[in-house]
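Paired with chain B in one complex and with chain C in the other, chain A is shared by the two complexes that follow.
Our next item is the complex of A and B:
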């Protein structure tokens, strides 16, 4: 779709204005944007050609955009206007992309529901009584509802891949270092990735082509060459070795999801793939969520100590600098964020650092070692992205110590621990709502990930899925 | 570590982080902490003897000392563009010495 749009130069203006108008109309129903951007000015200065020439896109609101409000979904940044563009914004503009929205997100990207944005929850385009998932929920909703063919997200735990599952679209978290993070408001630096949503694998290939590449201003940016992802796209499964994530499969409790997943695995086998079940140590699987929780919150507490209302952000009144900071941070952060900072700070106490933070970093290495064992034998690790379709907005029923929660709902953090490429693609529908399947491949092997994703897309027929918002 | 993890404990901790928690929020953390401690026990059960902490996904060098040349400069006006109260290139705060 992106390729066809970029070739259709004549209709670029009309296309972008239509997308903007659709975004304005759907905002009332979905609340999926924080800022809508009239594209008229950008259309006057479009560069010639480019992979995204005249293609309307949306950015998660933690992507810095020069002169355009960038809030990261937090009240404390609700007046923040960056003076520079993130590297990916520069790249996308050079390719002719037209930004029509800054999308809703969980506050500071710390959440999996998109209920914590200071502008209220974004709603699922397939059923507005349900969550989009988060933290990149607004971006997912804008792609799923057909407003834009591509939207940028970020993924620290599963913040692209879970909303992609709940919204019936492709969600890509490429290898750590593949896309520059310069100018992205951080969450947890050792786990944060920039990624994106599309409605097809072809569009996912073109998007990575435009976004990937070395950036000296991101100290973790890779020097590796960027392959021609679209040119290398090939859905031939003969000889491909696929490992089913056995622990996740066994912990599934939803019979519909189990059956759907089993059918998909059978179809991949019929196409020539060798499909086996691979089990991780159960002890490590159960430690995955606490490991994530500690590392993410400890890093976030440190990263966000600069949000104090003094140099930028919303400043509250106070009789001293300390009072200004305390008042600004108390009113500026929602309760969930403050709770997470408290946990993060607890993990960083001198007496707790070895027992908690360092321990988590050691367990992280053991988990990644297990993944390396798996991907030493197989091309891809695969599992449903979730047990169920998107939860209802008022659903708080999850038992946080159950296998269902510890394993099925959190297994995708393995892609953040390792930095390996991981992607969710639509797998099927339950109660009229979509659910996705997740695949994780070797470092910098996005080509294989897209190829297997393409085979799944051909099997399911779920390409260019668009929700009709009621 | 042996200190009781009650509401007052978490309120004090929050104040060290330069924000307040109200009673309800502090109570929530007390409850959540019980779950967290159970989850952390799962972490404890993993034998990590001799394992090095994994700080970043990849350990290849991707950053080097650059030449000491000025680049990517922003103006003073830009640097202060998001400051609410400012005067002559400084941001204004209440007096520290009164």
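Our next item is the complex of A and C:
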């Protein structure tokens, strides 16, 4: 779709204005944007050509845009106008992309519901009584509702891949270092990835083509050459070795999801793939979520120490600098964020680091070692992205210590622990709402990931799915 | 009771690099506030650090000069704390893997030479500068992110003199390397002193106090001597020394309590996730080490060998790097090292002090000083005459021209001196009698008369020689 749009130069202006108007209309129903941007000005200075020439896109609101409000979904940044563009913004603009929205997100990208944004929850385009998932929920909703063909997200635990599942679209988290993080308001630096949503695998290929590459301002970005993803796209499954994530499959409680997944695996086999079940140590599986929370919260508490109201952001009154900082931080963050900062800080105390933060990092290595074992033998690790479709907005019934929650709802964090490429593709529908399947491949092997994704897309026929928002 | 002090010193030194430690903003001193910053220095959301390899190279030079073992795997850590001068809410430093460990420097004091061990050198970034006014605080972020090295000594010093010598030796070494401006008054070199005292022979150390904000090398000595006295008095009165952070007030010469330490602050150090460990190429390190500038100790050896100067003269010359470099410039046009050194350390230095200038700010040309010394050595002018034209010399004038203009040229014409001598001898028969009677000072009198007759322009050496011969002929 992106390719066709970029070629259709004549209609660029109309297309972008239409997208903007659609976004304005849907905003009332979905609340999926924090800032809507009238594209008129950008359209006047559009460069010639480019992979995204005249293609309307949305950015998660933790992507810095020079001169345009960037809040990261947090009250403390609700007046923050960046002085510089994120690297990917520069790249996308060079390719001719037109930014029409800064999308809603969970506060500071922490959370999986998109209920914690300071502008309120964003709603699922397939069923507005349901969540989009988070933290990149606004971006997912804008792609799923057909406003834009591509939206940027960020993924620290599964913040792209979970909402992609709930919104019936493709959600890609490429390899750590593949896309520059410079100018993305962070959550947890060692787990943070920039990624995106599209409605087809082709669009996913083109998007990565435009976004990937070394950036000297992000020392963790890779020097590896960026392959021609679209040119290399090939859905032939002959000889492909696929490992079903056994622990996740066993923990599924939803029979519909189970059956849907089994059918998909069978279809991949019929296309010539060799499909086996691979089991991780159950202990490590159960340790995944606590390990994730510790590392993420520890890094987050440090990363967000700059949000003190002194140089930027909302400054509260106080009699001293210290008081200003304390008041600004107390009022500027939601309760969930404050809780996470306390946990992170506790984990970093010198007397706790050995038994908490450093231990979590050791467990992280053990988990990655297991994944390496699996991907040493297989091209891809595959599992449903969730047990169920998107939860209802008022659903607080989850038992956070059940196997279902610990494993089924959080297994995708393995892609963040390892940094390996991982993506969610639509798998099917239950009660008129979508649910996705997740694949994780070897480091920098996005090509294989797209190829398997393409085969799945062909099997399900879910390409360019758009929700009719009621 | 006799007490012994145990002193360790931490020195922060700004590295002289073009850009900051983790950002591309320029490093500067004295520029308009907040003009040398970018989004990284201000800790704007989304920014990421990028290691300045020029700073790493300078740190390697410092480590090498101070004999530390270099860790070729460079890693950085976060030191987390909230303070208004710390934009990110953490400082990027090297807590767990400093770039260098276990070195030393030699110091010279009245008790001779001593080795002071250096525990570690690590790289980090500077904070913003604060100006506290009565109703508000101003922040200048130009300094934020400037590369620093922190040099941590072992507690090997016993008194103010040693501490002062240590800081001076470090200052000299870093200055000669060219890695830092090392100006304590401008804050490009900052010194924190840790000091405790204990009774002589005691196996346990006393309670440590830290003295901050010492703004000159001589104040390092003063602060320590004051602190030793203060602690001694407390102990002798049966008091208890608390662990404190104090600052030195150079107006009163006293140390003043800033805060008491209640246990150590937890900085929650952890590895910086945005900088992967950097494996330094062995050849890159070797290349840096091979191209290092001459160190003070090396220069001392060279001066003794090449120029045969005394240790005393060498130490004074080397103590002033610019003077030492000027000395070498002069030596390109002369071989008389002893006289060049004397002139620089006496007449030239005297003139500079009097006029509030330095050797780099004057118009004095190295060749002109060499020329002047050659003119003395060749007997063209007397030392006394030379001293008369110091002002002209310092203003950049050619001594040959000045001497001509002022008609100061020394008379070395044998015939002319001969005739003056005969005239003086004719006029002073009594002096000849005195000489005969063995009164050698008569010669001095006669020389004086000849000089007077020549209006001071006769070559005194020649006058002396000719006069003696002439007297002998008359006896």
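Quick note on the criterion: the second predicted complex is superposed on the first by the 470 of 470 C-alpha atoms of A that agree within 3 Å, B and C clash if a C-alpha of one lies under 4 Å from a C-alpha of the other, contacts with A are read in each partner's own complex, and residues count from 1 in each chain.
Here, a contact is a pair of C-beta atoms (placed from the backbone, for glycine too) under 8 Å apart; a residue touches a chain by one contact, two chains touch by 3 or more.
None of the values given here were measured: they were computed from a predicted structure.
**Q** Just checking: does A:222 make contact with chain B only, chain C only, both, or neither of them? Give me first, second, both or neither.
**A** After superposing on A, A:222 lies in contact with chain B but is clear of chain C.
**Q** Is A:466 contacted by the first partner chain B, the second partner chain C, both or neither?
**A** So A:466 meets neither chain B nor chain C here.
**Q** Examine A:333 and indicate which partner it touches, taking first as chain B and second as chain C; both and neither are also allowed.
**A** First partner only, chain B.
**Q** For the three-chain arrangement built by superposition, which of chain B and chain C touches the greater number of chain A residues?
**A** Partner with more touched residues of chain A: B.
**Q** After the superposition on A, what does A:286 contact: first (chain B), second (chain C), both or neither?
**A** In the superposition, A:286 contacts chain B only.
**Q** By the touch definition at the top of the document, which applies to A:315: first (chain B), second (chain C), both, or neither?
**A** The first partner, chain B, only.
**Q** Considering only touches as defined above, state whether A:417 meets chain B (first), chain C (second), both or neither.
**A** In the superposed model, A:417 contacts chain B only, not chain C.
**Q** Between chain B (first) and chain C (second), which, if any, makes contact with A:350: first, second, both or neither?
**A** A:350 contacts chain C only, not chain B.
**Q** A:3 contacts which: chain B (first), chain C (second), both, neither?
**A** Once the two structures are laid over each other on A, A:3 reaches no partner at all.
**Q** Does chain B (first) or chain C (second) touch A:306, or do both, or does neither?
**A** Second partner only.
**Q** Taking the two structures together, which residues of chain A meet both chain B and chain C?
**A** 80, 83-84, 190, 216-217, 219-220, 301, 305, 308, 310-312, 321-322, 325, 345
**Q** Residues of chain B touching chain A in their complex?
**A** Touch residues, chain B against chain A: 1, 10, 13-21, 25, 28-29, 32-33, 35-36, 38-40, 42-46, 48, 51-58, 62-63, 66, 72, 74, 78-79, 81-85, 91, 93-94, 96.
**Q** Write out the stretch or stretches of chain A touching chain C in their complex.
**A** 62, 64, 70, 72, 77, 80, 82-84, 86, 181-186, 188-190, 216-220, 298-299, 301-302, 304-308, 310-312, 321-322, 325, 345, 348-350, 353, 357
**Q** Would you pull the chain C residues touching chain A in the complex into a rising list?
**A** Result: residues 39, 42-51, 78, 80, 82, 84, 87-90, 137, 139, 266, 268-270, 273-276 of chain C touch chain A.
**Q** So in the complex, the part of chain A that touches chain B is made up of which residues?
**A** Spelled out, the residues of chain A in touch with chain B are 79-81, 83-84, 176-177, 190, 216-217, 219-223, 283-284, 286-287, 289-291, 293-294, 301, 305, 308, 310-313, 315, 318-326, 329-330, 333, 335, 338-339, 341-343, 345-346, 351-352, 356, 358-366, 368, 400-401, 406, 417-420, 443.
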